[in-house]
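Shared between the two complexes below is chain A, which has chain B as its partner in the first and chain C in the second.
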Partner chain A sequence: MSTNIPIEKKVLSENDRLAAKIRTELTDRRIVALNLVSSPGSGKTSLLERTLETMRDRLQMALIAGDVQTENDAARLTRAGGTIVRPLITGGACHLDARMVSGVLDELDLSRVDVLFIENVGNLVCPSSYDLGEDMKVVLISTTEGDDKPLKYPSMFRRSSVMVLNKIDLLGTSNFDPERVKANALQINGNLKILEVSCTRGDGLDEWYEWLAGMVKAKKKR
Partner chain B sequence: MSTNIPIEKKVLSENDRLAAKIRTELTDRRIVALNLVSSPGSGKTSLLERTLETMRDRLQMALIAGDVQTENDAARLTRAGGTIVRPLITGGACHLDARMVSGVLDELDLSRVDVLFIENVGNLVCPSSYDLGEDMKVVLISTTEGDDKPLKYPSMFRRSSVMVLNKIDLLGTSNFDPERVKANALQINGNLKILEVSCTRGDGLDEWYEWLAGMVKAKKKR
Partner chain C sequence: MHELQIATEIIDIARREMIDHQLGSLEEIGVVLGALSGVDPEALAFSFEAATKDTALAEVRLNIEQVAVEARCNACNREAEVEKFVFICPHCGSRDLNITRGQELDIAYVRGEVETS
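The block that comes next holds the complex of A and B.
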């Protein structure tokens, strides 16, 4: 498939140019932008549901919910209340790109937004290659997936700044070892900040909320 | 990214040509070829481990274990014993393609093989576009992932012939509804054969083994 490589490079450099433009605009507005990435079913939508509900009085949030098909996630998140939520259906594509995000941002009123969440397509490979203009990628991994995933899908863990280990309420139901997944993740990226949560039971979410609030505070000061 | 489309089509048609060649060779040899696809962590490797252990006296099996990085899966499966197991590391690519598979097949002694398993990269999107010359795709989904996945990632369910619902031992730990996931899957593809299993506890695996043995028997007769 060597014929594909020059075109791929061109597409990626166009994407990077547009992502840089998005980043400048969001930074000018002092908006924290987080690109949430994971396998399908690790709990991105659940984490966002809890966050929108809990933080709505403290932060102005906007959310772009990416999916290959269906607006299910956007509908779940709109029910969580109060926040600007827009679906972004890729229609088959395996990742979001900066052009898709830019198209949605053009239609949003960003004037009072503190945090923009971009929920990527559930895919632990392809979204790692596409900068969306975010401040950082937040990768989720759940305790039902297997503790060697950071080694098997290293690019995503290398390019993320935060790893949220979700479904800690299900520890003990399989041979998943939380210490091993953390060691594997840190072997790939020693700078990863790691949070351990259960989005169904609520464990660890306070630390996530405080981290988020701290990010917003820091960005306002810049 | 319209510039990418003609090249993408060319790559896919080259892939299809090579996949057809693989299919002819495997069919001439009366080998059943199954392409196992799923999200990361749905249990492809666990299902294969159990199958290699249990069926080794009844079937001659070969296995190509695809991964983005690491030979972990191939190592786990080699320990399961007795079978020809080859790792296939994509080095970053998000799917296997027919050229990669062809390269591995050229080095295998297929003379006595009944079943070839191809364990794809953990990715519920991209592998759906790449024919590997298999008889059919077997898609795994686990009860910890979310019962709307067939609607959100329809292409994979449309192009698969069998859906294995894994981790049924974990039903009840979340709001995952097995009836809903089956209805969603059948809405996308009414011809899907659905098997419900727990690879850790063993539930439902006998039906999988019998189905597999039946496939081998049917192919020998052709």
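The block that comes next holds the complex of A and C.
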């Protein structure tokens, strides 16, 4: 005889359990954790490079550089210096999950860390389903992409708290409309904080640094 | 394309439920998929077939219930329909909406035959 067995369980409940554990540990240590997501080539590594270089005297930063293959990004970021950088090679997987992050965190000395950056795999779809225990997701989009991307990937833009619009030095070289991308993003997520930057020229980065410092300060107070 | 990993998770959970409930065979797995889950239903169905092919679960049907996005407006406290992912309250224009449905990535049930000893 056939029976129906109700389960009502999240498919990713094991990931969510590990993510909650990571979140508790990082919160106990007053560490701000940011999960950086974007398409490949939007400038996650560039933004982190600039941030490590500029903020190394003000903040203790740790960084997990996720990639499908190669440790190139981790090497670039290590050169930016003054911090703990660990590569996380997924070996084919299109996203990081909480188990992978947990494995790296176990080997890190977090005792003096203020900020943990988790650079996810370049992909606007899959990483949206996986909680990594972060405080928030920061989504990057660059002016060399389509300005309708928030509409194409609503799940990611809805789950992110900050949108960094990068490569504003290249505005005017394509038909990318910065006002349209902002309107599209806010239509998906009205609470999104939007920062406009150029990681090569430096525009707007001071605002990003101050936002970051503010996050650290707020977390220490809690 | 993380649907293959999702399919594998679903299969693992279903296998554990089979053991816990002493099911000798499995006929169907019910999954609830929100439009904002980040998982594509067709890719999931395809991945599930690929993952179960030539295994003991090859005949198991994956029943995917798709759920549209629903929200409640925090400003006027009314139900706000979200069409095409436009998160703007149709009643008062507020962008401050709480999603009430549409993010599900749940395994709802398994159906199978109880083992007769």
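Note that the second predicted complex is superposed on the first by the 211 of 222 C-alpha atoms of A that agree within 3 Å, B and C clash if a C-alpha of one lies under 4 Å from a C-alpha of the other, contacts with A are read in each partner's own complex, and residues count from 1 in each chain.
Operating definition for what follows: contacts are C-beta pairs under 8 Å (C-beta built on N, C-alpha and C of every residue); 3 or more make two chains touch, one makes a residue touch a chain.
Every value quoted in this text rests on a predicted model; they were computed, and no experiment measured them.
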First (chain B), second (chain C), both or neither touched by A:24: neither
Which superposed partner A:158 touches (first chain B, second chain C, both, neither): second
Partner chain(s) touched by A:94 [first = chain B, second = chain C, both, neither]: both
First, second, both or neither for A:186, with chain B first and chain C second: second
Winner by number of chain A residues touched, once chain B and chain C are compared: B
Partner chain in contact with A:125 - chain B first, chain C second, else both or neither: both
First (chain B), second (chain C), both or neither touched by A:7: both
Those residues of chain A which chain B touches in one complex and chain C touches in the other: 1, 3-4, 7-8, 10-11, 14, 94, 125-126, 151, 154-155
Touching residues (chain side chain B, partner chain A) in the complex: 1, 3-4, 7-8, 10-11, 14, 39-41, 67-70, 72-73, 92, 94, 97, 99, 121-126, 142, 144-146, 148-149, 151-155, 167, 169-170, 173-174, 200
In the complex, chain C residues that touch chain A: 1-2, 5-6, 9-10, 13, 17, 21, 23, 27, 31, 36-39, 84-88, 94-97, 99, 105-114
In the complex with chain C, residue positions of chain A that touch it: 1-12, 14, 93-95, 125-126, 128-130, 151, 154-156, 158, 186-191
